[in-house]
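The structures come next, written out as structure tokens.
Consider the two complexes below, in which subunit A is the common component and subunit B and subunit C are the respective partners.
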Partner chain A sequence: MKTISLLSRAKNLGSLVGKHWILYLFISLFAVLSIVFGIYPMVRSVQFSFLKSNTVFTSQESIGFNNYLRLLKDPYFWDSFRLTLLFTTISVPLNLISALCLAQMLASKNLSKGAMLFFKLAVFIPFITPDVVGAVVWKQFFNTNGAMNQLLQRLGLAPVGWLTQSGTALGVLVFVELWKHVGLYTIIFLTNYQLIDPSMYEAAHMDGARAWQKYRYITFPALRPALVLNTVYAFIQFMKTYTVSRIITFGGPNYATNFLSYYAYSKYEKMDFGSATAIATMLFIFIILLTLVGMRMGGNENERK
Partner chain B sequence: MKGNKLVALVLHMVLALVALVMLYPFLWMVFSSFKTNAEIVQNPLSLFPKAWSPVGYQNIAVLGGNSIWHYFKNSVIIAVSISCLTVLATSLGGYALYRNRKLPFFNLIEKSFMVSMMYPAVLLLIPLYVVVVKMGLYGTNDFRGIILASSTGAWGAALPFFLAKQFFASVPYALIEAATIDGANEMQIFRRVMLPVMFPVLATSFLVSFLTSWGTWLPVLMLSKDMSTYTLAAMLVNLNSDLGVDLSQTAALSTVLTLPVVLVFLITQRRVMDGIAAGSVKG
Partner chain C sequence: MKRFIVVLVLLALLVNFATAKGTVEETAKETVITIWYEGGDARLPFFKAVEAEMQKDYPNYRIDAVTFDNATFMTKVLQTVTATGGVDLVFNDASRLLTINQQSGGGFADLSPVFNTDPNKALVTAGDLKLSSADGGLVVYPINRSIAGLGVKTDVSGVRVTDETMPKTWDKFLALGAAFKAAGMPGFTMHLGSDPGQVFNLFLCGSGMSDIWLNKIPECQIVSKLEYYKRVVSVYAGANAFWDKDATSEGFAEMYNKILSGSVGMFRVGNWNAGNWDKPGSGVGEYTVTTWPSMEVGMESGLVLLNTRGLAMPKNAPNQEAAKTYLRYVLSKEAQSASFKTMGSCIDVSVVDTAVLSKNQKIFFDASKKLFPIDTYVAQFPYFPQINEVFEKGLIRAFNASPALIESTLIELNSQVNKAIQENK
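This part shows the complex of A and B:
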């Protein structure tokens, strides 16, 4: 019975593929990229996380959850996890609020067209600049002998070891990531601002609405979809932060910027493939769970409206 | 009226300050690239060089035994190939999904793509390295592994895919139905009906992809056998990882690396910014 139904299903599938072979041809390249270079390596990575590190490329000796258990007992892992969360919890609202303010300013009628374009370009240009460049230049700026400290000295203030103290080093990375990404969020908000019908503000004005009421009842609901989307984007983006800690601080000083991606990569560089892929798997599961929760919450709110 | 003028003044001042911060790295690298190392170290805050010196550029003319043009050429090869591949894959794939997403495996393919976007891209390179080596896409002068790995959802293909998806969502299905009634087959529908209207989104997608993949360095460092496939960005990372950083050299290489994308972006800014915003609004 079962074989017959399987056979007929296979036949059915064959005829569907035959009938729509052009669509299958169209999707083939996308499928190769998504599966062979997407899902397949992810599955392999999860597999590696259950292997003894030095056997990944040879006999592939399984050790069950040992890589995970070892990490759960590793204080550096927990520090790294907390640090990545802290960085994300600071960066997501900071980027979104800055972007909202910038979009609001750029949408102002007080700006001439030329000025608006200039400022918009200035804010966006870091996003298309290669990430190494921004990291390398800001690193020099915040160096102990760099421009920032010279500026402080000219103002009669004491120099600060920006990249040699834990707190300030993390702050510098938050700043550099803000510099790099805020433009993207700004133009997405700006586009949504410009979609709002100005007659709604006029009507609200006639009804005697105050500025904050206009923001609360017109601007904010209109920006809601962009806000949900940007939050999810930014969350995924900052949880995966890597470049700035690799280029600017090398995870230091004293592990102060040892984000999960960086920690996993350093395990990989020490040939500890098991731990590296176990960290990757846990980070991925954490991101996907929180993203689903976020989307669910954002989606529900939209329906309610 | 007076209040309005004050608001406008404050607004311009705040935005000018923001613009200065945003543009500072560009000013620093262009001016520093014409300074000697000693001058940059001595007075890091000043921008304008006291004496214009070509020494930074002389020091990057040959890097790691290869001329700078070698890395420049590699950056072009890699960025253009990634862009072609992602545009082709995401637009054709997006079209197939738009035509009939209920076909077997189509949903699975799309879900796979979406999920791979969330995987930490940096860490996906570890298993990708194994895949690339096993498939024999790794070696001297072999760009294939780098290009394929960088054209995935985890790396560069996310934005082009959303652009394509957003575009097809706006195409009325009646257009296709009309062509079907006229007796057009699948290939004719694509060539005569879809392709002509797809050109703007293909161009935007290509540009966005080019701009975001020009600075590719980590897949290059991990999936290269030697420097034959290194990009400008990979070389900049290499210069930086040494303990003694040569600042005028760093500034000169940063300038050479940044100039092409900034030029392309300034020429096409409208299309790029509108495209990214449109592709992201409903994604």
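This part shows the complex of A and C:
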């Protein structure tokens, strides 16, 4: 019985592939590229995490979970993990709320076409600016003798060690990452905004709904797909934060911005391939798990609706 | 029978002709020596100059030299040395090549036999050999040296830099740093975002000390040199600190930017920097290079030999004989002259016309100045990366500690390094 069912499934699949062979061809090409350039290095990276670092390219001596156990005993790893979580916890809501507000403003009918284009560009350009370029400019801006301190001094205020004190350095990175990414989230929200049927607002208006009620019962539920997408993407993005830490602070001062990705890189730089890939693997698993949870929660909410 | 003999003769002639042709081809056969080097295309003329010298004797040898940035170079060479093969010689700082040698379980060949027959071997000093060797063998064939001195700006209004005020001693260094600070600029800069140990090499080795954080056993030496560690850290974190505060979040590139904008009083100057920095419009402004201050009365004061740069030959190099032949020419006068022209440095200082040296290049070719090599541990202990990580983390803690906690942080670091040694031994 099972064999018959399998055979009929295979037949169905065969006829489906035959019918849409161009579609399957294009998808297959992409799948091959993904496997070769995406999944294969990932698998190798996981494999490396079980090897003794200085044998990765030679005898490939397996040491089981030793790299992981060493990391679990490393206080710098735990500090880095907590720091990455803190940074993500601050950055995700900050970016999403800012993007929602910006999208709301950009969707306003009071903006002329030209003004809307200008503001859209202004918000989105940081996202397409190369990461390194943006980071270098902000680093110069916040240096001890940078433009920010010069401005403060002109206002009669004392200069601040933006990048030389733990708290302010982290704050600078939160700000730079907000500047960098909020444009993308805004555009996604804005696209979703533009899909909302205006007649729903008119009907609500006729029913005497106030502005807040319209937002609460029409806008917000309609934005749920964009919200889920943005939340998941932002979470992944900020858990993996690397460039700003590498360019602006070198993980400092005193490891105050030593995010997991940067910590893995610094291990790699010292040719400690085992630890570097173990950190990358743990970060990968953590992100996958939390993304699945997030998507499941987003999905459940939609199903309930 | 007659016909048979004719056929035989014809065959013999044919074979002879074919064999003769083969020999001609063999003689003319070209051997390509593949070289990978760090440092960009500007260094290519050096490798070409060596090739030109070699081709006078070996016209069928030629090189194919390809450059990589450091990060790519390190992993690519490590992979090649340990697995894929295909490269004959690799060029970089000796410290990096020794690291690859260690990580690859001794993937580079001992070049001592080649060196011992080199007619120019007398040019190479004991210091050069110390920085280029591992496990009793010569891993890196030295070509030139990275030497560092202390640069002092002389064009800052309000700061008098004279023979009297030059930072020959630690106290004078502190006084001059304070003067720069009073004039509105950091008195000193050296990056701390990466390689925070280098500054101790400069100050402690520059005073003639050795085994500055590990001895040969190994045991941590920080406590035995605690006073000097405290002094250096205090320039950054102490009550009267004048070190550029941004240094903890900076690497080489940022440090160079600061120097090239003329915004720090004292800084590291390499022999590879001085020629360019002396050019008008370099941005550094007026400055002079001197030896590192002696940390104590009675101690010496000298320049610091940070590294040698040279070539290593992987054990799996496909053209080993040709590669060894190439090495025999790197210390020749023509090659050394090309090394000076492309990298501002060479082993054979006699090829340098001192009259054409720029003002601040001169000190690096002044035989009267002491030259102290830094310690090299990478080749001595297989677990060096592990203890070095502990050392660097501890230094970063010390630089970020409040002045009152600098000493205890350094003492704690001494114990942590010893603990790491025991755990990894």
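Definition applied: the second predicted complex is superposed on the first by the 276 of 305 C-alpha atoms of A that agree within 3 Å, B and C clash if a C-alpha of one lies under 4 Å from a C-alpha of the other, contacts with A are read in each partner's own complex, and residues count from 1 in each chain.
Rule of thumb we're sticking to: a contact is a pair of C-beta atoms (placed from the backbone, for glycine too) under 8 Å apart; a residue touches a chain by one contact, two chains touch by 3 or more.
Because the structure is a prediction, the values reported are computed rather than measured.
In the superposed model, A:86 lies in contact with neither subunit B nor subunit C. In the superposed model, A:145 makes contact with both subunit B and subunit C.
Legend: residue contacts after superposition of the two complexes on their common chain; A:254 is shown touching subunit C, with no touch to subunit B. When both complexes are overlaid on chain A, the residue A:226 reaches subunit B alone and has no touch with subunit C. Of the two partners, subunit B and subunit C, it is B that touches more residues of subunit A. Within the superposed three-chain model, A:10 lies out of touch with both subunit B and subunit C [touch as defined at top]. Residue contacts after overlaying the shared chain place A:35 against subunit B, while subunit C stays out of touching range.
Of the two partner chains placed by superposition, only subunit C is touched by A:270; subunit B is not. Across the two superposed structures, the residue set of subunit A contacted by subunit B and also by subunit C is 57, 139, 143, 145. Residues of subunit A that touch subunit C in their complex: 53-55, 57-59, 76, 139, 143-145, 161, 163-164, 169, 248-255, 269-272.
Residue ranges of subunit A in contact with subunit B, taken from their complex: 13, 16-17, 20, 22-24, 26-27, 29-42, 44-45, 48, 57, 102, 105-106, 108, 110-111, 115, 118-126, 128-134, 136-141, 143, 145-147, 150-151, 154, 179, 183-184, 187-188, 190-192, 225-226, 229, 233, 236, 239-240, 242-243, 247, 260-261, 264-265, 268, 273, 276-277, 279-280, 283-284, 287-288, 291. The residues of subunit C lying in touch with subunit A in their complex are 71, 74, 78-79, 81-83, 99, 102-105, 192-194, 244-246, 248-251, 254, 263, 382, 385-386, 388-389, 393, 396-397, 399-400. Remark: subunit B residues 4, 7-8, 11-12, 14-15, 18-19, 21-26, 28-29, 41, 43-45, 85, 88-90, 92-97, 99-100, 103-106, 109-110, 112-113, 115-124, 126-128, 130-131, 148-149, 151-154, 157, 186-187, 190, 211-212, 214-215, 217-218, 233, 236-237, 240, 245, 247, 250, 254, 257-258, 261-262, 265-266, 269, 272-274, 276-278, 280-283 touch subunit A in the complex.
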